[in-house]
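Please go over the structures that come below.
After this come two complexes, each holding chain A, first together with chain B and then together with chain C.
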Partner chain A sequence: MGNFFPRWSNLLPLKLAFCLVVLGLAVACAMAYYFTPKYTRVGYMPSQPVAFDHSIHVTQLGLDCRYCHSFVEESPHSNVPTTQTCYNCHSVVQKDNPKLAPVHESMETGEPIHWVQIHQPPDYVFFNHSVHIARGVSCQRCHGQVDEMETVYHAEPHSMGWCLNCHRAPEKHLRPQREVFNLTWKPEDEDRETFYRETADLAGLSYEELLGASREKFGFEEMDEPMSQREVGGVLKEAWGVSPPEGCAGCHR
Partner chain B sequence: MIKYFLICFVLAGLLVVAAALVRGVRTDLPPWEIFPDMDRQFKVRFQQPSSFFADGVAARLPVAGTVPMGYEIPGKPAARGGIAPGAFTHAADYYNTGRFGEFFGDGMPGEIAVGQELLARGRARFDINCAPCHGTAGNGMGAVSKYWATPITSLHDPRILDRAQTPDGALFFTITHGKGLMGPYGGNITVRDRWAIVAYVRSLQMSQSAGGVAQAE
Partner chain C sequence: MPNGTTTADEAMKGPQGVAREPLVLNNRSMNWITERICGVVENRQPLLWWVLFLPSLALAGLLAFCLVYLVSTGVGVWGNNQPVAWGWAITNFVFWIGIGHAGTLISAILFLMRQRWRTSINRAAEAMTLFAVMCAGIFPVFHVGRFWMAWFLAPIPNANAIWQNFKSPLLWDVFAVSTYFIVSVIFWYLGLVPDLATIRDRCKPGIKKLLYGMFALGWRGGNRHWRHYEMGYLLLAALSTPLVLSVHSVVSFDFATSVVPGWHTTIFPPYFVAGAIFGGFAMVLTLMIPARAIYGLQDLITHKHVDNMAKIILLTGSIVGYAYIMELFIAWYGGNKFESDAFHMRILSGPYTTYYYCMFFCNVISPQIFWFRWARHNLWVVMAVCMCVNAGMWFERFVIIVTTLARDFVPGAWGFYKATWVEKSTFLGTFGFFLMCFLLFLRFLPVIAVGEVKGVLPESNPHHGDDEH
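Let's turn to the complex of A and B:
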């Protein structure tokens, strides 16, 4: 028998195995990093037919989200405003600004402005805006700091895991219902007495009962100590009896 | 051999990172659906066009010449259906139009229970929809008024305070259809909320009109 395999081939399987392992690890790392909505969706910032600037309208003018997204509290869908809504002001304000040409055109022809949808859940997800708003989930929680955006972009991943993070621990994100549309709200700004008086009504307890129970649970001494998200969210979760669905059928009907 | 592999490996890695960049980069490219299983289904979606209909509009209007069930044909009470009047916002009664036939009515329609709750709702809706121009105090000094061509009507104007000139129904009608430079808000505010705003505007006028009353006397 001749010696078929030269000496260098002794280590070949080992070297090949090494290369494959390195390659496999790299591919796994790349997939973990790239094959997730944190990469595929976050940062999506399409240019819109009209360069609508949320920071001017919300922060500078102080318009409420619901001036344009008028039925977000009643509907599963947060409506994009009609051309008429733009026209309520822009029939007069900045009328000749060339940026508004598509608005005038739409008004004349009746053809809606083709806004590009940024946040597009898959069609088998039945997300409902109204229920989230009714239970103190702010716009900002899912859409980011829209009030400061000149051009809106996809700020959060909107993956299923991301939804479930909040569904499993809603107290980390809930706020009083009146502050849902206030995108600059912070738990520290909350006045403890006002908060407990309002929440006591929701919980069907007396103010003193609720305050006493919370004092024990969250360990604050003085009434003017700043509130924490843990306290605000925890109390609201109890008062509202929030128990978000974690089963498939909650969102996939 | 390992050396060549590692060189190629690093180069390929750099190439991937250079092409794909990092998470969160602002981009015009639509989200990449890696497993687009049933993400986009052939169904009608909110405010989206549909290729199913020739005109591309998914939100269909009633076919010309048809009448929705329960809709009361104006002037034909025999067509009154099982649904309460007002189930359709284009019914012709006072609640939906602010008018009795040709004339504006005054006072709240029977469908509306006036109380704290209604006024609170009216205030919230007023602050969202009306305050940008008319101001939270109703004095016409809202944030938009700085950019407006003409002075914005103050809701404490004697013309609007006077119920003979501006009855509640006329306020409702103006909110619904607009007036002068003011656009129609019927599409943005529900009928009930429009009445709530009317009630709130009246209470706003009362709260500010102490001086006006004294002047009249």
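Let's turn to the complex of A and C:
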């Protein structure tokens, strides 16, 4: 019997195996990058029927988020404003601006403006806005710097792993309740005395004890040293007893 | 050619020098063995092959249709629901995975025990194992509902940041079964290499020769090749031996570690393993008795083989029977109200008592006929018992799963489960798939390990014929 496989075929299985391993790794890396919400969702910026500019309304004019998203504190769902809400101002202000044509049209016909939903959790996820806001999770944590966006886009991945990052370590993200809608808040801006007095009041604790315990734990000397997120979040988590669910039934009922 | 420590001549003779029944009858020569086994692959298939293959193919198509129908329509086309969430799907899974146990037992444990009669049945039994495990795998994958999420069973880092529950026996199952499958494939393939080379050498040049040659991995049958091969085979046998016991033990943990009366039993692991070997051997015989007749392999797969396997069926069937009776005894003797009620409903008052009696007859009563030599030597009796056992082992899993789930602690949670035509056709379809794979195996691969069978011939013994000098 002649040898019908040429000599180079001796190494062929090894070479093939090597290529397969490399290919497998490449596919795994590609999947991890291109097929996860970090890539598939972040940056999603659909064009809206009305070119509503958040940066003008929030940063320049100083509108509060709740002026338009008015039920966000009480409701699981954060509402999109009705045309009537726009008309509170725009019946007068910038009335003839062509950008507002769809708003006028909606007002005349009674047909709501079809805003395109950007942040859309799957139907098996029961996300509750009011709970998060009541515990000091800022809008900005999940929606990004909306106050600086001319057109709103998906800023964070909103993957389950991303949710769990915060649920497993909420202290990295909590802030005082009054600052939830202040999208430019920084822990360094926080006044320590006000913070501790307010937190102690809300939680029914003694101010001196809370401050003393924190002084030991977070190691600050002077009251006017800038606060860190670690301190703000840590104190709030303890004082309010924040323990977000980590089990399946917390979000999937 | 794994040669044991005992020489072939010693093995041929009994302790008192009584000649043992030879493993290959009619003094067949090495050439005859090669010609006969390779002939199965090389010659045209008999008409019967096609008669069996085409319906199997059709049934495999039915399987594909049922799965597509299930996925496209929704999980409601299966009858399982609360409280019987497992139903036929898991019954069939345990049934098939159990059948897959004979292969490794024959190839690994009997190899380590130097049971030389294994050589002519191990190849087919291992192939059967692989196909049975494939059939088994279909059920849990589709039973998860959204089967495209079945990859969640594997610990792969994902954007959901969820990880498997390592405390759950259902996860252990995933590892146990996949390990078993991988090791069985490697073991089976390693054993095939020398025979693939034999076929390669006999082929005319062409695509067929190329393919057999590729899979023969350049085997030349040199001394060094055989030495490495035998060492590798021995190591793999040792590696797969614990798997014979572990896989079905882990499957039994699915039930035993729960707190449901009727499942929460320490007897489950050994009872499941014995049952698996029992069912597996029955399936080996079911396939091999017709195959040996169709391809004229009676001199290689002899009455001795059938006899030995029948004895194993008798033994494991009796172990299973002991377990059934012990379950009933403990249910009464243990004094646990829920346990005794569960078994009362299983055998007397529940909706599925018929299944219990079918199971008991098929698995415990029917193999008892193998105490008689004439029964072990009458192939019709053997086939009849094997068919009983095949059915009985399915009934056993049905009894364990469905009767228990349908009647748990609170009468308000009781329910009745009936399989739909989709579940029934899916199960039927797996038989088609299984037979189809096995027939393709017969068609394309040597059904008996040529090299190993030659090793049990008297002339393979280095001292053969010494007496004559």
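The definition used in the following text is that the second predicted complex is superposed on the first by the 253 of 253 C-alpha atoms of A that agree within 3 Å, B and C clash if a C-alpha of one lies under 4 Å from a C-alpha of the other, contacts with A are read in each partner's own complex, and residues count from 1 in each chain.
The definition used in the following text is that a contact is a pair of C-beta atoms (placed from the backbone, for glycine too) under 8 Å apart; a residue touches a chain by one contact, two chains touch by 3 or more.
Keep in mind the model is a prediction, meaning the values are calculated, not measured.
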item	value
Of chain C and chain B, partner touching more chain A residues	B
Touched partner set for A:46, first chain B, second chain C, both or neither	first
First, second, both or neither for A:37, with chain B first and chain C second	both
Which superposed partner A:79 touches (first chain B, second chain C, both, neither)	first
Which of chain B and chain C A:177 touches, first, second, both or neither	neither
Which of chain B and chain C A:165 touches, first, second, both or neither	second
Partner chain(s) touched by A:18 [first = chain B, second = chain C, both, neither]	first
Doubly contacted chain A residues - partners chain C and chain B	37-38
Chain A to chain C touching residues, read off their complex	1, 4-5, 10, 13, 32, 36-38, 157, 159-162, 164-165
Of chain A, residues touching chain B in the complex	15, 18-19, 22-23, 26, 30, 33-35, 37-47, 61-64, 66-67, 70, 74, 76-77, 79-80, 82, 84-85, 87-89, 91-94, 117, 120, 122-124, 153-154
For the chain C and chain A complex, residues of the former touching the latter	157-162, 201, 205, 209-210, 213, 217-218
Interfacial residue positions of chain B with respect to chain A in the complex	1-2, 5, 9, 13, 16, 20, 22-34, 38-41, 43, 45-48, 127-129, 132-133, 143-144, 147-149, 178, 181-185, 187-190
